[in-house]
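Once you've had a glance at the structure underneath, I'll fire off some questions.
Labels run A, B and C following the written order; every chain starts at residue 1.
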Amino acid sequence: MADTRNKQGSGKARAIYASKERQDEWMQAIADRLGRPRITEMPQHPFRGAPDFWRAYDLQQEERINLFMNNWTNLGGHAFRMSSMEEVGRFLLDFVRETGAQKLLMQRQPELMGLGLAEALHDVECTVWDSSAEEMIDEAAQADIGVVVVDHAAAYTGTIVVLSSPDKGRSTSLLPRALVAVVPASAIEASLGPILKGLDARPKDQLPAGVHFITGPSRSSDIENDLTIGVHGPGIVYALVVG
Amino acid sequence: MAETAGSSVKARSKQALQDDFLRKAVKFTTERLKNGKRKATEEHGNWEEWRERGRQIRLHTIAHLDYYLNLFADNARKAGAQVYFARDAAEAAVITREIVREKQARSVVKSKSMVTEELHINHVLEEMDVAAIETDLGEYIIQLAHEPPSHIIIPAIHKNKQQIAEVLSEVAGERLEPDTQVLAGFVRRKLREQFLAAEIGMTGCNFAIAETGSIVIFENEGNARMCSTLPKTQITFMGMERIIPSFEDLEVMATLLPRSATGQKLTAYMSAITGPRRTADGDGPEELHIIIIDNGRSRQLGDPDFQELLNCIRCGACLNVCPVYRHIGGHSYGSVYSGPIGAVLTPALMEDPSEWQDIAYASSLCGACWEACPVKIPLHDMLVYLRNRKVESGTTPTAEQVMFKGFNYMMSDHRRLERFLRLGKVGQKFVARDGYIRIKGPLKGWTNYRDLPEIPKQSFRDRWKELQVEIAQQPRPKTMIQDIEQRMRKVLEERSKGGGSGGGHQE
Amino acid sequence: MYPRVGEAMVRILARYGVQLDFPKVQTCCGQPAFNSGYWDDARASARTLLEAFDDSDFVIAPSGSCTGMIHHYYPKLFENDPAMLDKAVRLKEKTYEFSQFLVNVLGVEDVGATFPHKVTYHPSCHGTRLLGIKDEPMKLLQHVRGLELVPLPDAELCCGFGGTFAVKMSDISGAMVSEKVHNVESTGAEVLVGIDMGCLMNISGNIHAEGKPIRVMHLAELLNEGVSS
């Protein structure tokens, strides 16, 4: 059956499965199964989102910072509190020198560009994410350290959130062995709730292609339940809370 | 579905029960996961409220699935994704083959997806001479060992380090030490090459957000991120029921899923992917194909006994508490989905009750799965409903039908039961010793492991008359009785007002 | 099968002046047939209970599983028979498992028993999960003088009975009951007490076959023995 369809000339046989007709047919079939006419108006959803008691969950900024850092550390990450971006710059210089890293990849974010790392690190390749470049993924794959400024963080789960954009590659937080995440103190929410609600509130065409919630280092327990860190994503993860 | 022909759960489990390592490994891992879940839910608190909320969101979405699925498809398309609706494995294969051919793909990297297992997508790719590489560490291992997954969350739960080292050494062309770090390190290096070389990345989908057209993937290793970031083309397979309305609703699922699966507050990665890369982006797939799968799911819609099955969020918590899974492991079920959810889902996805053999009987109906389920699916009830449908279809063994006809005859009239008991007492004289029967007859299943109590010399119904006389003479504490009478009267009054629920759950 | 359990229950309840009756027309709640999918046959059996207890104020059973059957499944079993459904719902409203009736209706936690033995308790699945029995049996046991209650490891694990499951999937069931008995043994208890005759028949059958020196008792038996001695 499949083969006869494929033989229908050079046209895309799969188009029928992607057609509006097929979609309508499916939705009608669902409605029929459910024994009622098709619903085309947004239904009342009285249970949307977290229970009420959870919506009230909030923390003072200092509490958020502490909880976030605690959680991040418990997950096997490293967390430091820093007063300014200068301190972040000094940390990165030390980190690169101490680890002997050969290549560092940063997102094209003004906070990072202002650190002057490329100038300070003569013998280390310091790349800034450039979406117009051909081989950005290979660059990221070769980098020892990826540096990002996060868009959000959630204290309760110890999570950082990075949004993709032309200036912010998804690979930067994924391919290098070590990830250094700069976390502006003001970006830390008490829980995931406000961040997720923020995504709902964005105009649809402004939702980034990739929204990544990262909670500690890459991990696996697939071999005899032994926890191993860094199986595909970065195994070494730093969160530098600034402010 | 991958029901091994001619082989039953009973036969397969016999092997598993003799495999000492397997039983210990499964016990060890499920205990860890179960305790992790317990700790995480206690720490988080208000677990029952969260469960109830999760259940309500899933019930609401499925009850309005035509609206939400349609909205999802429209929004995913607006974001640039190509969306397909595939009724079954054959249709999914047609779509997959065509995309793979069009991209001239030679290798495909895959992150964990139960749906692609269900559809045998790897087989489709193999037939095309395209390498399908599983990239989840556990999935990679069992793929090399040519075995199916035996746990939803820990697919290689049945393999020990030594066995894994052997399998990986073969690929490495050198002897790898049976050390977790060494083995995982090898896989990281090996698969990194594959991620960078593959033309297509395939993923599953934990949730799909209707209002934004986003797909959401939970994972710990980062391999799903790789599959959805590096190859130029991404194909995502999703069951048609994976929908939730909004990101706000995702907060509830993100609370329930990782805690129930592994006891984590959140998995290391939760990725929300909306369409392919934006024009100016430097990475991410250029094309995103989303294949929405029915494959028997829609059959549960509108079926009051099974619709809730579509609420499942595939966390594996029911496997970890199941006393049967604990002893027989995943492969005994002979299906992609194992444990209590597999015992229900596998037959439920089939059209005809005669297609499945004994998988729905692989349960003592203890209800531990229901208690553990983060969205409260009554799996133990569904097993009984499945058995009932099998009976109604007339495909149960004749001997069993005869036995229950006998039960019917005997139990529909107490006089027949009494006569039977009298006969039994005579009959057992030859086989009973100190209160127990030990023959290997038709009940050998029972007597292989236990002795059977003999029918007592005097049954309760025979004794009742004299017992009544005896208890009339029993001393009673006079003062307490009044209290008690009052309490009983109060319960009766409440009941007459319609508030009584007997000794059951106060639901 | 276990007249001494019924008798013990009756004797305990009689101490509090509860007027008792045993309607002869009852046979079985129908669970074995129901769980195997033979609902017509289950209904034939269940009808005898609906008739037997039509006039009773309270129905008390020494089994969480049978009580669970009435509570959880009778309404489903008779959903297409309005007259019987009505009876089923009324039966459900008045049916109690023994320990629930004693503690929650009669308000009795101390029956005045003495039982100087080391005891462990197996919480039956249907009692806990279908009926929501949590600490009623514990409350009764904690008030027994001289009784040393030791916790059972992995107590919530099913013993492997499951009615026809024990015969149909006998190897799996056998592995389950062996683990249960192993856990009971590990506590060093002299007595295993429970609230469900199905589980207890299964566990004691294995204990007897293995020749282990552990006594298996229904809670009612233990309490009754404790007040009679």
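List of remarks:
Criterion: a contact is a pair of C-beta atoms (placed from the backbone, for glycine too) under 8 Å apart; a residue touches a chain by one contact, two chains touch by 3 or more.
Note that the structure is a prediction, hence the values are computed from the model and not measured.
Contacts between chains trace an open chain of neighbours here, each touching only the next in line.
Nearest to the common centre of all protein CA atoms is the CA centroid of chain B.
Averaging Cα coordinates per chain places chain A and chain B 29 Å apart. Centres computed as Cα averages put chain A at a distance of 53 Å from chain C. The residues of chain B lying in touch with chain C in their complex are 9-10, 13-14, 17, 23, 323-324, 326-328, 358, 361-368, 370-371, 381, 384, 386-392, 396, 400-401, 404-405, 407-408, 410-414, 417, 436, 438, 443-453, 455-456, 458-464, 467-468, 471, 474-477, 480-481, 483-485, 487-488, 491-492, 495, 500-506.
Across the complex, chain B meets chain A through its residues 25, 28-29, 32, 46, 49-50, 53, 56-57, 60, 63-67, 69-70, 73, 75, 78-79, 82-86, 90-91, 93-95, 97-99, 135-138, 141, 154-156, 160-161, 164, 180-181, 183-184, 187-188, 191-192, 196, 211-214, 220-223, 225-226, 228-230, 240, 245-252, 254-255, 262, 264-278, 280-284, 294, 298, 301-302.
The part of chain A that touches chain B in the complex is made up of residues 1-2, 5-6, 12-14, 17-18, 22-23, 26-31, 33-35, 38-43, 45-51, 53-54, 71, 75, 129-133, 136-138, 140-141, 156-159, 164-166, 169-171, 174, 191-193, 196-197, 199-200, 204-205, 207-226, 228, 230-234. Of all residues in chain C, those touching chain B in their complex are 1-4, 6-7, 10-11, 14-18, 20, 22, 24-28, 30, 32-41, 44-45, 47-48, 57-58, 67, 71-73, 92-97, 100-101, 104-108, 125-126, 129-133, 156-158, 160-163, 165-179, 201-202, 204-206, 208-209.
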